[in-house]
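Two complexes are shown next, each including subunit A; its partner changes from subunit B in the first to subunit C in the second.
Right, the complex of A and B next:
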């Protein structure tokens, strides 16, 4: 019985992550349009795009890794997704979470980008090569404050388990953003780089790099990468909500209503968090690569170090 | 002089009726939308849904030749907002569905346009802007521009005007959407089927022909 629920829950998680990620992408396009005083595409536009891309023919080949790269991205996204608890104490959405998943997630989140780098490298397009170089350089930039902030949380709570962090927030009613605000700020600033919206859209800059790493991928390949990216956006949002914003599913309701209330809470929190990089992106021009790295190594890293000091002097347990 | 197919009829002396008929057959465009089979009645439900997705998600590659390129920003941005029809820019030919030829094409540019068109993936559509692509327009007697684009590439929609305003461009997109839904658009397969005819026309105007023989599209 438990196993059946686990398997069904894994499918449900995958469908939920894909749908919500794609829907948020459409919402972002709509909000961008409204900010620019346009009507904008319908919110389901990304689903139509995906359907069309999957229906396109492909008459070219860029070698073995060119075929593997989109699969790699979506596999990496799904693997990380399976290790993130979506709801607190939700039997349906626990999937493969274990003690120490925070460290595992830190490693696995880089995996998709590496697959993309190898696939783009084999296509032989110089734009792809420049895009990959920029992406890896920027990853070196934003990973440092992100890791510092997560290490601060690990030190402060003496745990590497997302479940424990959510349990603590559920029991005390205090979100970790209140226990260690510096860690949240560092993670928030590094999340700007993770989402790759302006001013950090230097990887896939359409005007200067012809969309960078994906410039030789069209049709089904682009569609698969798009779905992988949508799932990954959902992963990042849920991860931040789980760690800093109290997680979801904190109501006392049982059964279906509990799950629905939890999902509603999750959608509200993730959407509000998602609006931060979106709105910053809407009013920002593009950084150069060295400006972006300099940004990440300056204030977010300093905030991360302050977060570690704060964690050392304010241990929770 | 004799190399240019556009000037075939204007040879010295009055052509006979036979010559005119032959010229009309030789230079009649092959892959027009009107010539394609309208299989709306026989469309299966899957094809119907896919056509619906295709027509509402057009990734546009604007090949900015001539003066028409200046109409594209106006069409895409806040004032006319083509994105509400699902039209958005694509960065590379591999990702694009629609190729916009925005104005006159010199023979040098034609070579690049052909390379770009052949890199695009099926189903692919071509929209031609302005009278220059229809009959040469104000360049009708120029020695180095082509006069009728659909002798070199299969064109789905022509937009008349010199230049067409953004309203006309959006009208052209709507027309293209109708053609896609009815199954009339997309000349990629026809282009490959009639490749000899297109290649012959292209090689008549492109002097330094150095395309790869085995083309991997």
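Right, the complex of A and C next:
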């Protein structure tokens, strides 16, 4: 019985992540359009795009690594999804969360982009390779403040497990953002790089690199990548909400209502968090790569170091 | 006769035999050398080593013995050497001086085995020198006529390390009256409480072999210039002798955590961290694949040094795990570079590209090894990294060192991608159209090494078991380990078997989906058939992005690139040379000058006779 629920729950989680991710993407397009005083596409436009891509008859493959390139990003997003607790309560969204910790999640999150980079490299398009090198270089930038903030959280709470962090926030009712605000700020700033919206959209860089690593992909390949990307966007949001913003599903309601209330809480929190990179992106021009890296090595990293010092002097246990 | 002595004698005789065989039959030399090593391995694993071998010569007792810690390093040496020798047979086929090569190769293996087996300091030193000298012969193999530029740094630094060790050994005998390792350690040689220069001198010798910053300057050219089939052993096994030695120096600290030892361990840990960062930073600007791997080796050894300097259970476990894994993936990567060099003629990444269609199996090995090197789950490299991070965070509380290590391992993705892209991806060159896949005897060792990376990812317990036994012999209490679950002292777990099987399931599902959906209508095109954004592609042009690959990163990290250890050593060398030039003015070698000194001395004696001869 429990196994059946687990398997069904895993599928449900995947569908939820996919739908929410795609929907947020459409919402972002709509908001961007309204800010720029355009009408914009409908919010479900991303679903239409995906249907079109998957329905394409001609697909072009540039060799084996290019052929399996979308696979890596799906593997990465699905694995991370299974190891991140979606709701605090409820067997349905539990998945494999007890089997991995933060350092594993951190490493698994780069798996997808690395695999895709190899596929993009095989396509032979110089724009792809340039985009990949930019992306990897920028990753060295934003991972530093992110890891600083995660290490701060780990040593403050004496755990490397997301589950324990959520349990703490659930029991005390305190969000970790209050226990270590500097860690949150450092992670927030590095999340701007993770989402790759302006001013950090140097990987895809429209009008500069065609579309960067994905230039040579179309049809089913691009469609699969898009689905993986949507799930991945959702994962990043849930990760931040779980670590810093109290997680979701903290109500005392039982059964279906508890799950629904939890999902509502999750959607609200993730949406509000998502709007930060979106709105910053709307009003910023693009950085050059070295400017982006330097940005992350400066204030976000200093905040991260402050967060570690704060954690050392305010241990919680 | 003792089995350990027989093992070493087989190797010694084998080395001389192969040297002679070259003059009789060139073709057989490689196979004969391989047969000798295989025979040694079978003999060594087939016999039980119950007793130590003692041998009295010149008033000194030499003692060779066996323990679980030694077994791990012996495994690395023997397995990697056998595989590299199998690889050498085809790699070296068309080259000159085969006898010289194989004889030195087997002699190096003998040196390494001796270092690991010796239980007294005198034989440690003797084997250490055998290892250094025979590997020097291999470093200058490709640079026979320019020894001065290529091999000199290695020789000078090895000599400094060896003399430091010799000094320490002499002082051990002076202070403690013994050459025996176990007795001396019991008497507190490595306790850092009194005479703490002795362990430091030892550590200097070992750190030079492990290429720790600032003693690494011999390594890039040393690794890149020797034949690739030997570099696999050189970087994979011989640098681990430095690690083995450092573990030896740390044995007392691991048990009793003396304050002096703590300071030493912290310094060494940070040296390892800085080595990791600088090695990585320099690896990613290299345009030669061999140089890139050489710098990457330095960086990886930095992780291992940091791991063993933590002095905690997880940390030492991480060091042993990474030592084995580094031998596997770096051995495989150097072999890949050698295969590309042999088949395509060069390893210059700005000159060749797009070899993936020509050498798919080599690419597969490179891909697996690079993923393992970058520490991405689910392969073995990730487990080493995980253990290292958890050791630093949960046990030794080196929070800022974690960031340094993390920075270097994130930047490692850059050079990992550079290596794969530079050799195998991108558009195909016209010149590489006729390149063939490497021969089978070269592919098999590479594939075996990549399988090690894959299997240890799913079942790290295979290495945890011998490593835990080894740690008990150097004083750690028994270590809990599970076949596929990693856990830290805070009780958090990572279950590698669940992760591995989940990834495989998704892998298969998506692969089937991508392959069979619209299979008939999918057009398979070459790498020249791309969207060119309106540019016109001319026949014979190659658009692969190869020059200034990480220029933006170089600009962002510009301050790092100003730090060059080479310049500091060169300044030191120049200063020393100036000093020696000055002393040459006194010791001119001219009899008349010396006569003048004698006269001057007499005059001084006469002038001050009242004070001197009172």
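Worth pointing out:
The criterion applied here is as follows: the second predicted complex is superposed on the first by the 314 of 317 C-alpha atoms of A that agree within 3 Å, B and C clash if a C-alpha of one lies under 4 Å from a C-alpha of the other, contacts with A are read in each partner's own complex, and residues count from 1 in each chain.
The rule is short, and it goes like this: contacts are C-beta pairs under 8 Å (C-beta built on N, C-alpha and C of every residue); 3 or more make two chains touch, one makes a residue touch a chain.
None of these values were measured; they are calculated from a predicted model.
With subunit A as the common reference, the superposed partners subunit B and subunit C fit together side by side. Residue contacts after overlaying the shared chain place A:80 against neither subunit B nor subunit C.
By the touch criterion defined above, A:206 reaches subunit B but does not reach subunit C.
In the superposed pair of complexes, A:52 makes contact with subunit B only, with no contact to subunit C.
Note on subunit A: of its two partners subunit C and subunit B, the one contacting more of its residues is C.
By the touch criterion stated above, A:219 is placed in contact with subunit B and with subunit C alike. Contact with subunit B, but none with subunit C, is seen for A:39 once the two complexes are overlaid on the shared chain. Of the two partner chains placed by superposition, A:22 touches none, neither subunit B nor subunit C. Measuring only between alpha carbons, the smallest separation of subunit B from subunit C in this overlay is 6 Å. Touched by subunit B in one complex and by subunit C in the other are residues 56-60, 127, 210, 215-216, 219 of subunit A.
Residue ranges of subunit C in contact with subunit A, taken from their complex: 354, 356-357, 360, 367, 371, 374-377, 382, 385-386, 389-390, 393-394, 397, 399-400, 402-403, 406-407, 410-411, 413-414, 416-417, 420-421, 425-428, 488, 490, 492-495, 498-499, 502-503, 506-507, 510-511, 513-515, 517-518, 521-531, 533, 543-545, 549-550, 552-553, 555-557.
Against subunit B, in their complex, subunit A makes its touches with residues 29, 33, 36-41, 45, 48-49, 51-53, 55-60, 127, 206, 209-211, 214-219, 222.
Taken together, the subunit A residues at the contact with subunit C in this complex read 54, 56-65, 67-68, 70-71, 74-75, 78-79, 82, 96, 98-101, 103-104, 107-108, 110-111, 114, 117-118, 121-127, 129-130, 132-134, 136-137, 139-141, 143-144, 147-148, 151, 154-155, 158-161, 164, 210, 215-216, 219-221, 224, 288-290, 293-294, 297, 305, 308, 312. Against subunit A, the residues of subunit B that register as touching in their complex are 49-50, 52-54, 56-57, 77-78, 81, 83-84, 86, 88-89, 91-97, 121-123, 216-217.
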